[in-house]
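In the two complexes below, chain A is the common chain; its partner is chain B in one and chain C in the other.
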Partner chain A sequence: MAALVERISTYLHERGLRVVDIPIWIGGMLFLLAWASPFLWMVTTSFKYPEDVLTTHIEWIPRRVTIDNFIQVFELPVLRWALNSAVQAIIATFFCVVFGAMAGFALARMRFPGRGAIFMVFLASLMVPTEVSVVPMLLAFVKVGWASTYQALILPMIANVLSLYIFRQFFLSFPQELLDAARMDGANIMRAFWLIAFPLARAPAVAAAVIIFTLNWNNFLWPLLVTFDESMKTLPVGIAQFAPNVGTHTQIEGYAVAMAAITMLSIPSLVVFFLLQKHFISGISQGGIKQ
Partner chain B sequence: MQDEHAAIDQRGHRMKQAEPIEWTGYLFVAFFAVPFLLFNVGPILFGLFVSLTEWNIIGSPDWVGAANYLQALSDPWIHQAFTNVLIYGLLIVPGVVVLGLGAALFVNAGYPLTGIARTLFFAPHVVSATVIGLVWVWLLDTRYGLINVYLGRVGVDPIPWLTSAEWVIFGVSIASVWWDMGLAFVLFLAALQDVPKDLLEAAEMDGANRIKRFWFVTLPLIRPALSMVVTLQLIATLRIFSQVYVMTNGGPAGASASPIHYIYNVAIERYLFGYASAIGVLLFILILVVTLLHRTVLRETV
Partner chain C sequence: MSMVELRNVRKSFGPVDVIHGVDLDVEEGEFVVFVGPSGCGKSTLLRLISGLEVLTDGELSIDGRSMRGISPSARQVAMVFQSYALYPHMTVADNMSFALRMEGVPRRQRRAQVEEIARTLRLEDLLDRKPRELSGGQRQRVAIGRCIVRKPKVFLFDEPLSNLDAELRVQMRVELTNLHRDLGVTSIYVTHDQIEAMTMADRIVVLRDGVIEQVGTPTELYERPGNRFVAGFIGSPKMNFLSGELRELTAAGIGVAIDGQLGDPLRFDCPTDGMQVGDQVSIGIRPEHFVEPDESGARLRTTVGSVEKLGDEAYLYAPDNPAGPLIVRKQGRAAASRAYDDIELGLDAGLCHVFDRNGVAVANGGTTNR
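Here is the complex of A and B:
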């Protein structure tokens, strides 16, 4: 016992902590546990038999499990929605990164009149919430005959100011010698960009790609508005139908199947986040700072 | 004297020669600017026009001037939606700021296992509104939801979180705080890591306890981050839609409807595109006022 106290106090001392930090740490970890528990409850519920779900007897770890709920999810065209989501998010992310890198490079390293003003216009647009322009945009897409198409899902998402901003910040501190060296070798600025600058911009490219992909994968309002056909819905919009109060499912099986559906829906975002956390958080912080 | 003139001329001349205009720059920007103009700027201008017309999805627009705006000012549903969104703001913004700052202080203190704490505090922010909405519809279920079951064990009667007009904004706000806190947390954490350690140590030497150190050293230094989080969250809350749509669809009887939810209803259920655009413009003005107020306050305090 004495030895344990000794070890704890040495440990605390080494880290510059006090005894009062122990209850704070325990309290914080309990709060963290509570914070993460909705995810655990979601996964737990998704493996339960429907009759084990609607009960006040709480089982954090189910006595018996089933994958029926996951099978039932596929009664709706989930695979088609997943395909739509993937096509939309991948293509939009690709253009966001390429266009953002080109414009970000030009605004950071090329000299032409109006450069500062152009950047200010891009930044100012961030003050306009997309929701304001979404109704007129829907009207325009309907009038052109592009409702419920991939064009409608993708085109409004291919120019993202956040991506441009991340690249511009990176290229502002890009070593001039590298560009000069390329130009000495006779490369024009376009070749210098594609052969030297862009390949070295991996960090901002990953940060921008991760953020933009997640934004698109999770995007809700625009796909909800512009897809009238069941087959052109994206995954978040389609799966929202599993809500017991909106959808056609009864409440009894509703929750178990709904949890199975959103367990599958959240896996790509969570995996991307866990794997690329650093890039994700650096990009997100810059996105906040841009305001 | 003459030498000086010559030097200036030479410098001016050299500048023109060494820094020619790189016309390719416009080309590089154009790839971004064309979709930006078409899909970001265009719809805003088009929306201003549409808001002055009566336009349903078939047929052509009829010019009605300010009629949509006048109608909006006396529409009881709009009053309710804007009142609701202010209550959302009063609940969600303090919730996100307090929990986000608390979590950031905890992670920044260097306790064991804070790496995993950082990941988990941020995790809800990366999933979609559908996930947030459905998880919380289940957690807040009146009879079998986890929250009410646990509250029942300490003697609290079941709370109709999402089914009564009195409670529904609380229910949706709890889910929203869980979703939004991660961003505030990350921004606070970045600000805390920039607080100079020696300042805190000096304050400790002078006998300041940790509450005093937080209040007099840390808090003043992270004020820009605090102000930014408040504004970002306020704007995000004014735009609240997806979780409302998934969790309650604005119900019961419009008690949880937000301005954007009402815009959605007007456009999609009633096909009143002119009217929906006008509400959008009104919401934009509200958000612009909040942003400009924030800039003014920020300039005065920093």
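Here is the complex of A and C:
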């Protein structure tokens, strides 16, 4: 027993940990499990036979696996939906990053009347739920004949306050001397932004891109309302068809296929996050800290 | 004609006045150093000349042309920043040619100009590196090269050596002085380090609270400071200020004695308007200006509090001296004093300065008794 305690204490010491860290670690792991378990269930269920899904004892790891669910998913035009989703998410993310950087730079580094008020209006807009604005927006798009088009999917998403906020925080701590040097070198404010400030804003750009891409990729309500044709649906709207409906046959059988569809849906967001993980974390943790 | 002319230049940030009416002429080819404690407005003055800040009032002209409404890049001035302000994502060559790129100079011509200047600054092997791959001194040279490429009429330096270590600072000081000699471009240099000011400047401008206290060559400021502030700011360690009294008043001048002084008063030839016997004055003596005491001459007796030995010389500190704390520099064998020694210091009026109650210099150097 004494030897075990000794070994644990050496182990902790070597890693710069203390005994009080153990309950914190255990608590953290419990939280992690709570967050991860639905995801784990989703992934494993996507490989189960339909009759193995709703069992008395939860099968975290399936006894037998199949890829039939994925094949069934492809019976619907998921590739077309994925293309729609990709076009929508990539273009919207691109514009959100560019516009967010421009607006964030202006709000952080330029002096003009009403600067504080404009920023407050942007922040206040975060407090208005999407549901309030979708109906008038939908009517407007229908009126101009843009229902079920890429314009309708993309245009409302090309600016995002979150992106603006991330860039503003970054540019607040951007070295003034670099901008002064650019001015001395003959760069006007636009060139100083495009040639000096923006290329140096990689960390906030990645953070904003990951967040905005994920938001757009998973966006459900607006694409659901604005797309009337099967061919213009995005992936989340399309695969909602697989969702088990109470009182129908899909309640029993649909879970496995639905989970296969959602597993596929979540892959791009995960890939984007893991590829850019390092920049993402430094981007969102960068507030007052100057690099 | 002066290269840079400032006439009654004022600058306020909101309700705060930072520069209170500065008049100054900088001649062509001159190396002028703005020096003063932090917050004195020296960097603001430099930024006004560069155009990065706009004058609240007054006139500024460069090479005879008014700078009203002229953008920083059109002023034919170039600036070296304290942090060098090199663009971190660009190579050395791109950094140096950025201004030319903004002017629309073709790529090949840019490269040729940059290479030529890189040779003179020993940067030719570093042109494809990023600033983070350079040492402090190399970055400094790139920052200077970036300025030279623009062929400016005036160089502005904003504390360019303050980020370097002591050894490199000395080296870069020499390099900058040589560069100025070779290029002959008018330079204005801001520093809070009076050693940099003394060693590099043709003329020094001493600033305090947004006002010019004195302008002069390093020797002028050292030998004939106009007031107590300048006297205390120029020279290291700083001048000793000892309280004293006006004892004699003649048509030709005054005689003053430091509190506790032995021997005759120190006599100075100077105007005596408004002075009266018994006036309180302050006598300034540099640590290196005490002389060997002689029996009948003016002298001070004091007790050494502590000693800093620097090899051949030593600084004696006498904080409890009745007329005011003292620092004395001793050289050679005289540097052997120890703490608690009682010492006698000789005073030579020719090396002393007298300041009236308002701190204005009444006399710089009197009748020498050597």
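Criterion: the second predicted complex is superposed on the first by the 223 of 291 C-alpha atoms of A that agree within 3 Å, B and C clash if a C-alpha of one lies under 4 Å from a C-alpha of the other, contacts with A are read in each partner's own complex, and residues count from 1 in each chain.
Here, a contact is a pair of C-beta atoms (placed from the backbone, for glycine too) under 8 Å apart; a residue touches a chain by one contact, two chains touch by 3 or more.
Predicted model only: the values in this text are computed from it and were never measured.
Of the two partner chains placed by superposition, only chain B is touched by A:Ala258; chain C is not.
When the two complexes are overlaid on their common chain A, residue A:Asp185 makes contact with chain C while staying clear of chain B.
By the document's definition of touching, of the two partners only chain B reaches A:Arg15; chain C does not. In the overlay built on the shared chain, the residue A:Pro175 is in contact with chain C alone; chain B does not reach it. In the superposed model, A:Ile196 makes contact with chain C only, not with chain B.
Of the two partner chains placed around the shared chain by superposition, chain B is the only one that A:Phe273 touches, whereas chain C remains out of contact. In the superposed model, A:Met102 makes contact with chain B only, not with chain C.
Looking at the superposed arrangement, the partner reaching more residues of chain A, out of chain B and chain C, is B.
Residue overlap on chain A between its contacts with chain B in one complex and with chain C in the other: absent. Chain A makes touch with chain C in their complex at residues 175, 177-178, 180-187, 191, 195-196, 199-200.
Within the complex formed with chain A, the residues of chain C that make contact are 50, 52, 71-74, 77-79, 81-83, 85-89, 98-99, 102-103, 146, 150.
Of all residues in chain B, only 19-26, 28-29, 31-33, 35-36, 38-44, 46-47, 49-50, 55, 57, 103, 106, 109-113, 117, 119-131, 133-139, 141, 143-144, 146, 149-150, 152, 162, 178, 183, 186-187, 190, 228-229, 231-232, 235, 238-239, 241-242, 245-249, 260, 263-264, 267-268, 273, 276-277, 280-281, 283-284, 287-288, 291 touch chain A in the complex they form. Chain contact summary for the complex, chain A toward chain B: residues 15-17, 21, 24-25, 28-29, 31-32, 35-36, 38-39, 41-42, 45, 53-56, 58, 95, 98-100, 102-103, 105-107, 110-113, 115, 118, 122, 125, 127-129, 131-140, 142, 155-156, 158-159, 161, 164, 188-190, 193, 214, 217-221, 224-225, 235-237, 239-240, 242-246, 255, 258-259, 261-262, 265-266, 269-270, 272-274, 277, 280-281, 284-285, 288-289, 291.
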